[in-house]
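Take a look at the structures listed below.
Two complexes, one shared chain (subunit A), two partners (subunit B, subunit C).
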Partner chain A sequence: MRKRGLKFYLSIYRKILIQDLKSKMSYRADFVISTFGMIMTNLAGFITFMILFHNFPTINGWDYYHMLFLYGFSLVALTPVQCFFDNNWNLRFMVQTGDFIKYCFRPVNVFFYFMSEVFDVKGLGQLAFGIGTIVYAWIHIGLEVNVLIILKLILFLFTASLFMIAIMNFAAATCFWLKGSGYVMVIMFRFKDFAKYPSSIFQGVFKVIFTFIIPIAFIAYYPSLVILEPGNVPLLSWLSPLIGLLFFFASYKFWMLGVRRYDFTGS
Partner chain B sequence: MNPKRLLALTRGGIMESLHYRLGIFVTLFANLIYLVLVYYLWKAIYDSSGTDVVNGMTFSDTMIYLILATALFNFLEMFVVWDMSRAIQSGKIVLDLLKPMSFRKYTFWSYTGNHVVQFVLTFIPTFIVVMIVTGGAIRMGLNLLWFIIATVFALVINYNIEMLIAPICLYTESTWGINIVKETIVLLLSGASIPLAFFPEKARIVVEYLPFRAVYDIPLSILLEKSGSDTCEGLLKLFGLQLIWLVILTVAGNIFWKIAVRRITVNGG
Partner chain C sequence: MGNEALIMNNVCKDFKVLNRHEGLKGSIKDLFSRDYKTVSAVKDVSMTVERGEIIGYLGPNGAGKSTTIKMMTGVLEPTSGEILVNGKEPYRNRTQNCENIGVVFGQRSQLWWSLPLIESFKLLRDLYMVPQKDYEEMIELYRSLVDIEPILHKPVRQMSLGQRTLSDILAAFLHNPAIVFLDEPTIGLDVSMKDKIRALIRGLNKEKNTTVILTTHDMGDVDALCRRIVIIDHGQKIYDNDIEHLKSYFGSYRTLKLKLADNTWEEMLIDEKTTDVMDVIMEKQKEKKITDIKILEISTEDVIKKIYEGGTR
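After this line comes the complex of A and B, so read on.
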């Protein structure tokens, strides 16, 4: 099979995306309620955050606005996984029922085709919420604004998003080996709630675990330090784009390994 | 109704849950990791606050509260909303409706098996770990008995909240959205994600009379002997609140289900 360029995949993605949006439009009520639900989860997260700060003015040396920045950063970084990789949640049902076989018969990359089938519009609400929070915190901290910083912010947001995508790919792909493995995804999805706190709170062996094994420290903490503390950036922050690509690539390989192992259940 | 028939459903549920043994152990393991996260977060919070007691809660109180809330969450978690929408899509709901038992009762008793398994395999081990780690910070007395009674009430209330929400799917064809709204509201207002004691005064007064509190906060408060549950009068008040919501939600759920069931349309099947 001949290698296809990025252009080919983009045009395919656009076509599949339009189909997906058309099918979603036929369930308008669902769309409205889901969007509302997404706003509710973000709001609830925010309220929890406010209640915490109502009782405790600083956490581990981080004041309200710095924490708010971290929170907004994590929301934006978690948007791509919500928008582009949401089909991971359907993987286990597809594998269980045997519907997954259809992806193996198309002359495009299985991973690409599977993920392109769903674009989750409601993730955009989270994006808006996250950007608003970052801007608000940014103004109150008094960080400077120039082209370089904005470019850095975008690069490191992109980096940060890779980690959650990788985590969810790993979690979803477990269903190729384990029966009824939905709980792995549910648990991993819950861990992301801790991305919005500074990872300096962890100590000892757990610091290593939450940095390199379940890399929640990279979803917001390390990448955001580049913006928040430009004078004092740890090495891990600078390395995070590389580590992010590594995690993403490993999760992709793991996912594809699962596909190769998959033999479909009749029916 | 013959109790033997209901227990048969429980037994079926137990067997079904035990089929996914690995899942239970992974959940338990992952819960422990999750608790480590909670521990570090709250330790950092209490360390930076400078005082040992905040809103009448010490660090160890908060930890026990949140750990047991997580364990209780696993134990009480139901997927009625998902199950119902899937049953409608596949047409299986027709078979459930034809059973010689009311749908509500059937669903409840099918779930009890899962509750039993979760209680034994996740709640009790977590409880024991908490007891060992904190060196017996939970008093072993009558409060344990009251806690179990409150938990049974919580289970029924939780089920009724589910059954009140699930039929909305019949109208809206939305599952994810409805479920996430329900889960978010319940988790926030029940004290499962942040103890109710930390809520600002005015918000707390409102939240204390809502039904969500009866699911997590009341059983845990009773176990930890907080919120005045150490007096006979306070205890009765908490149970009274649970009982009132239990009755209201059961009646409301029953009525709503009777109306909603007429809406079911199944294509083919």
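After this line comes the complex of A and C, so read on.
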């Protein structure tokens, strides 16, 4: 039997992506409007951030440029969930109507096949915006630039993104069990807004919740400390790649468990 | 591997359903309730389908057809019993099973919504790892069976229902699977499109010796395509034989039509085993003058209707 390995999946994803982009571009008005909307969304977020900092020059010891770095870091880390896993938002509709069954008839992984169907271009603007912000803050903080630190940045950005993907996987997969799962997704999606603040502002119960239960502190705060405070990195920061992988794997298993458990009622 | 494309041995499927209570109080109760009842959707169904056969799988709404198809395609696991598709249990290895089956749901397209059909075909070719040569041969075969040029470069979302169904069927055969499951492929289509679809299914079945399991409510599909039909009702198999046998299932029914002197047609259903047609005509003639006589074979549709309405045992 022929094997379908990583190479196969990457090449399939690339082909679907190219076709998808081609067809998206053919709807020009749609493309222009969504690009415009994306720029406005990011701009609005940025302006809110500026106004906030105009009034509070430091938050819990974090100054403007450090906060800006954190903000940029969270934007980049939230890009993959936006770009590659956006179909999670459609999951509950497909499960309710029974349309989800079509993903079970192909000789490929159901999770992969489902996610491959949607690539959200809007995320790319966010990525560009995030990278710009990081570079800007980087220069002003006066961090050094070398190969090692860049590699570290990429690694920790990657693992940070796994956390948000995993949170959304968990939230979306609840639809296999719950009818009102839309709320779960919306709430989880709102929580991501906390990611751009240093988690040290949260105390007691909230700190525990945002670290271990809904781990948004790992989306920007813990991983970015590796870059920002190289002399004083907490253990959780170093562990975040491992925790990220485990958390993502658990969310994938949970999602697939939902598929197996779901009984595809209706014809 | 034998010559059987599909074997089912005493297959049962139960669903656990929560006993729901009425009213607000009841729904609060339901939140904590562990009070489940078991509903059997499929009860002890066995059948064997040979390679290259086209089977009509019939039954009224809610009879358990979809559940059976979902088990055959490996989406659902049977509660008990055994299913072998191409010699393997479909639910044990879904991915592998999918390489050898094709599925079409009449109302739900499985193609990429915004892509032109040809691009969907190419993606499917890669997904199923179909060799380029086989792929090209298949497209050639399609060309010889239907006029695919007008739809080949059209995005699926712009297609009419008929074109979409046609595309879905072509897509299901593309990787040359051993079995294709067609769930109401002609639903909602006009007469000429139905004809086209039926001709296509027959052609593909003949050329590739593909086994086809067809569920439908349209007896035209059955008459045009199937020699053998299987009927289930309330989860149980109640008929499994040729269509010809079906017609004598309740006895040999014929419809007798008599044109009377006042230009009206009188119609009656006659069981030839118990009543003689000639007797009926003689009897009528005594009352009124008969100007014309027609004797019609009972249609498959009428027989099926009688079975669904519960005249089986």
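Some notes on this structure:
Rule of thumb we're sticking to: the second predicted complex is superposed on the first by the 258 of 267 C-alpha atoms of A that agree within 3 Å, B and C clash if a C-alpha of one lies under 4 Å from a C-alpha of the other, contacts with A are read in each partner's own complex, and residues count from 1 in each chain.
As a working rule, contacts are C-beta pairs under 8 Å (C-beta built on N, C-alpha and C of every residue); 3 or more make two chains touch, one makes a residue touch a chain.
This is a predicted model, so every value here is computed, not measured.
Once subunit A is used to superpose the two complexes, subunit B occupies space next to subunit C without a clash.
Applying the stated contact rule after C-alpha superposition, one finds that A:119 touches neither subunit B nor subunit C. In the superposition on chain A, contact of A:100 is made with neither subunit B nor subunit C.
Comparing subunit C and subunit B on the residues of subunit A they touch gives the larger count to B. Applying the stated contact rule after C-alpha superposition, one finds that A:20 touches subunit C and leaves subunit B untouched.
In the superposition on chain A, A:247 contacts neither subunit B nor subunit C. Rounded to the nearest 10, the superposed model shows the Cα centres of subunit B and subunit C diverging by 90 degrees about the centre of subunit A.
In the superposed model, A:11 makes contact with subunit C only, not with subunit B.
Judged by the touch definition given at the top, the superposed model places A:176 against neither subunit B nor subunit C. With both structures placed on the common chain, the touch criterion links A:108 to subunit C but leaves subunit B unconnected. Distance between subunit B and subunit C in the overlay is 9 Å (nearest C-alpha pair, rounded to whole angstrom).
Remark: subunit B residues 20, 22-23, 26-27, 30-31, 33-34, 36-37, 40-41, 43-45, 47-49, 54-55, 171-181, 184-185, 187-188, 193-194, 198-200 touch subunit A in the complex.
Only residues 15, 61, 65-66, 70, 73-76, 94-96, 98-99, 101, 103, 105, 108, 110, 112, 114-115, 119, 122-123, 126-129, 155, 183 of subunit C touch subunit A when the two sit together in their complex. Listing the residues of subunit A that touch subunit C in their complex gives 1-2, 4, 8, 11-12, 15-16, 19-20, 23-24, 99, 101-102, 104-109, 117, 263-264, 266-267. Subunit A meets subunit B in the complex at residues 27, 29-30, 32-38, 40-41, 44, 47-48, 51-52, 54-56, 58-61, 178-181, 183-184, 187, 190-191, 194, 197, 201-203, 206, 209-210, 214.
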